[in-house]
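The same chain A turns up in both complexes below, where it pairs with chain B and then with chain C.
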Partner chain A sequence: MQTVRINQSGLRTDERLERLKLFGLSSPALLMILVILVLPVGWLFYVSFIGANGEFSLENYERMISRKSYARIFWTTFQVSFLTTGLCILIGYPLAYFLSQLPPRLANLGLITVLLPFWTSLLVRTYAWLVLLQKQGLVNDWAISLGLWDEPIKMVHNMTGTLIGMVHIMLPFLILPVYGAMRSIDLDLMKAASNLGANPRRAFWNVFFPLTMPGLMAGALMVFILCLGFFVTPAVLGGGKVIMVSMQIVSNIELFVNWGAASALGVVLLVLTVAILWIASRFLNLEQMTGGGGH
Partner chain B sequence: MLKWFNNPATETQVTHGQRLWLYIVAVIIMILLVTPTLIVVPMSFSDSQYLEFPPENWSTRWYDFYFGSDEWMLATWTSVKAAFLTMLVATPIGVLAAYGLHASKVKFVRAAFVLMLTPMMVPVVLIAIGAFYAYVQLGILYTITGLVLAHTVLALPLVIIVTGSALQGYDMSQEEAARSLGAPRWKAFLTVTLPQIRFAVVTSALLSFLTSFDEVVVAMFVSGGDNPTLTRNMFNALRDQIDPTIASISTIMILVTTFMMVLAQMFGQEKKKPK
Partner chain C sequence: MKLKTTLTLAASLMATTAIAQDKQITVASWGGSYQEAQSKALFEPAEANMGIKIKQESYGGMSDVRLQVQTGQVTLDVVSSGSGSAARAAAEGLLEEIDYSVVDASSFIPSTRGSHCVGGDVFSTVYAWNTDTYGEDGPQSWADFWDVEKFPGKRAYRNKVAGALEPAIMADGVAPEDVYEVLSSEEGIERALNKIRELRPHIDVFWSSGAQHAQLMKDGEVDMTTGWNGRFDNAAKDGAQVMYSFNQALLDYDCFAIPKGAPNKDLAMEFLAEISKPEYQDDLPKYITYGPTNLAAYETGVISAEVAAGLPSSPDNAAMQMPVSLEWYAEWETIAAEMYAEMLTE
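Here is the complex of A and B:
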């Protein structure tokens, strides 16, 4: 009896050691993330509370509240993020629906049109829109020759250009999870709805649409969060007229070498992102998001 | 053909004719998704200073300029080196981590997993300026080492997600069988587990390569001097003016990414067939 108990406890210690050893396999990755990401970001957090005189102060945060220019930057950031997310839903949902109704082989072919821009470098796509939307660009040329408008319209280096580029870049992040949700719906439910007297429109809105909500929410959340911290596309297509938080952070470092101001903005951006993710995680299964977005 | 319009298209008996608007809208969206990027390809072969479509005179002058420019060649070489090294570092480290997290059932695995995904959640600008500051202290600013370290951190979540989900679909008891027959754990992993998750590992490697190759913001801060990346130089060129050389570089980048993704798809597809 005695020996059995000793063996058991010995085995348990062995098992615990084994688990820890296995966990140790992930230590190189953890260490790298810690040193390259967590510690420096922690340092930025610290710096954001240091004032110009080198002592603890909230002036970096106060500046954000007192200065009008900062309010405008946050407003622009939210505006761009909301509009991009909304447009992505309006454009992406019908396409995902169309693809989900096709036979799988055809649908895979159609999905290539979503994946091809997804793979292509962000910078290349932004450049392409810059070329297409400029005053002597293709879009103006064609629209004028078709008689849609008479004078070249300024479509780049402003909000319009930024939104066009952002929507194009974010669409795959919305379409893929929505498509996944639609594919997993049992279409017999639609037959059942019809059978019970719902007209097609009612069957769609009362049965199909609610079932796609998890995918739609995950996709929209992904797009919104990516938009909040986006830099490249607004910097190029906005032409200095659309200033988002991330761009202000960069110019605070590059132009003004003001680490305190940049860090405080960064902390606010991070806190916003984490808060949105945290709230969303109470309602959504976030694993769906990483599964859909990171292919 | 006309009959097709009256055929029911859905379970609720909506006909194809009634849904014609959806088909038209969908096709327009698909065209808008693909053409903007692809249109750069013919434009890059234009002879003109102003990018035109279709080009009036075809030429390869922008490619000649790109391949003849020391500056662009240096940047290309830096990007390719960094992407390869990122792939070589991120893949083994990420696969080890995914395996460790999957096999170990300690309490804090969940917390560790969340920590591993932070590079995806923290705004990349913040990662960039943080790394910039850290590299100044460590003296590795503008070095390939620094660039590869930062890009590896960005690639790790992808490797861990892709490999981790492959491990989820893998039956670990096979490895236990190998071990009960006398193989040490590392050998059981290499000979039994790894061959079965190899497609996920290859996909992870290709994604790591692309993560580094396409990355702009971190490269803007931590690459430069003797080691500027292609994307960094492209971004700076874009801020100034519309340089047609960028069109030729874009075409080459489209080729590289498409090639990598076709490879990834080929490996990924094979996974589904047998079993």
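Here is the complex of A and C:
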């Protein structure tokens, strides 16, 4: 009885010590987050409440309500992010599935191909799309000479071009977590499903797909959140007509003497992003509970 | 002999680098063919003649200067700016006053002798067209630019308000001399915006930089655009099928300013004095068709009569144009820019 109690308290001390050590180990990271994230974001909040005359004011937020353009800009931002995420899922999921079914060596080669665009600067890739997609660009030239269409199709300087560029840039962010989830699935589960009489389609949708759900959700969320802050690609490929929040932040910095106008936009975008993360995290956990239950 | 020359050259080079280490200024401009022209005509010769090192950068405009001045981290000694944004920056207290006892601007066009910004060149905001689409007889007025029946085709237009409302209001039938009077109210600005809304289905691109509108014409991406005349001439030199007209164009000037608290303020002022001399300004038209602000530059014999006739500031061309009003921009730009941004998101 006595020894049990001693052991228990000993274990508890050990546990506390270990937690402390872990905290010590992660303190550089925590400190870094405090210095480069928490403080600046706090400052951003503060500045957003400073008006043009240097005093506390809600004018930066009032402007966002009274001017209709801000609502439209936020709508465009979410629309672009949502569509990009959807397209990334449609293109990326089958590709990840294909890669996961390949023998390891080929799969690695495939993954390198997926990652290859990461080695080129985002700016270069964006301008490359401009060259490819414009009226007298390669795509139109080839398609017309091949007789696919007669008149140049407008593929850039609009929403279409923006989406093409963004999907291309975001695709690896979706493929990697999905591929990871697929690789970790025990393929015997599929055999078991077939054994129990499920046809391949049913085995896929009832067994395989739910198991990839955590990876898919993580990837989709990452793509969506990254899209919300996009600047270069919509600025170059959108032809000045696809205006996202980050672009408006830049014009507000140029336009207004105080930083508050731009800061308020940043704050609203941040709050909306956190809200989405929070809502999504609830669903994500739910999915992990149902979909990740096999592990 | 040859060895001796080489040695002398090497020695003088070393001497220059030695001086350069003590005397260096950082100059920021807009990049592209414009900064290239400035570099060849002004910065590089000044570097050689003054025996200083000039570090060139391209920058994003007065918002960069504001950031540097407000945070006390000023790295730029001289910035090249549009006249309007320089006037606004001066009113905000972001610029040093130009010392005209150092900078000799006695033979300058009077309006380009700003208290905080000394004129560098005269340029025009024009309409340019693709000669493959319309031939040499392109649009001859802003009304023609708006006339999609007479001139069917895709347009590009600026994504900022500067130089964007005047064409619209002229296309709506306002005479050049009344433009700023009409624009001096929210209703007037709205009237100009409505005219742009009318053309909007035909506007494919809202351009954000001079390099971009030049590229759009080179690529044949649009058939007509607004833009800065010198960029189109350089695009045409590169083989672009582009022409423009000065009729109803907006006559404006670029200038050089010193950010408040610039690290090498005195040297920067001497540098401005140097590049304001006629023997520098007369070289700029060789590289880009922008006119000198120093009228003495016409008398050095470097600018031929033929070149002069093609410059925005030549008397014949200037007579066809409308001078941009800095007073209007100082009073209305922020309001107009907000309304313009509103229109762009529709």
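Simple rule for what comes next: the second predicted complex is superposed on the first by the 231 of 295 C-alpha atoms of A that agree within 3 Å, B and C clash if a C-alpha of one lies under 4 Å from a C-alpha of the other, contacts with A are read in each partner's own complex, and residues count from 1 in each chain.
By our rule, contacts are C-beta pairs under 8 Å (C-beta built on N, C-alpha and C of every residue); 3 or more make two chains touch, one makes a residue touch a chain.
If you're wondering where the values come from, they're calculated on a predicted model, not measured in any experiment.
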Touched partner set for A:Ser69, first chain B, second chain C, both or neither: second
When both partners are placed on the shared chain, which of chain B and chain C touches more of chain A: B
Partner chain(s) touched by A:Tyr127 [first = chain B, second = chain C, both, neither]: first
Touched partner set for A:Leu115, first chain B, second chain C, both or neither: first
Contacts of A:Arg12 with chain B and chain C, given as first, second, both or neither: neither
First (chain B), second (chain C), both or neither touched by A:Ala235: both
Which of chain B and chain C A:Leu255 touches, first, second, both or neither: second
Which superposed partner A:Gln136 touches (first chain B, second chain C, both, neither): both
Chain B versus chain C as contact partner of A:Arg183, first or second or both or neither: neither
Chain B versus chain C as contact partner of A:Val38, first or second or both or neither: first
Touching both chain C and chain B, counted on chain A across the two superposed complexes: 134, 136, 235, 253
Chain A partner contacts - residues on chain B that touch it in the complex: 9-14, 22-23, 25-26, 29-30, 32-34, 36-37, 39-40, 43, 50-51, 53, 93-94, 96-101, 103-106, 108-109, 112, 115-127, 129-134, 149-150, 152-153, 156-158, 160-162, 165, 210, 213-214, 216-217, 220-221, 231, 234-235, 238-239, 242, 246-247, 250, 253-254, 257-258, 260-261
Residues of chain C that touch chain A when the two form their complex: 60-63, 66, 92, 159-160, 204-208, 219-221, 334, 337-338, 341-342, 344-346
Chain A residues within the chain B interface of the complex: 19-30, 32-33, 35-41, 43-44, 91, 94-95, 97-99, 101, 110, 113-117, 119-132, 134, 136, 138, 168, 171, 187-188, 190-191, 193-194, 198-200, 203-204, 225, 228-229, 231-232, 235-236, 246, 249-250, 253, 259, 262-263, 266, 269-270, 273-274, 277, 290-291, 294
Touching residues on chain A, where the partner in the complex is chain C: 67-69, 72-73, 76, 134-136, 154, 157, 235, 239-241, 243, 248, 251, 253-257
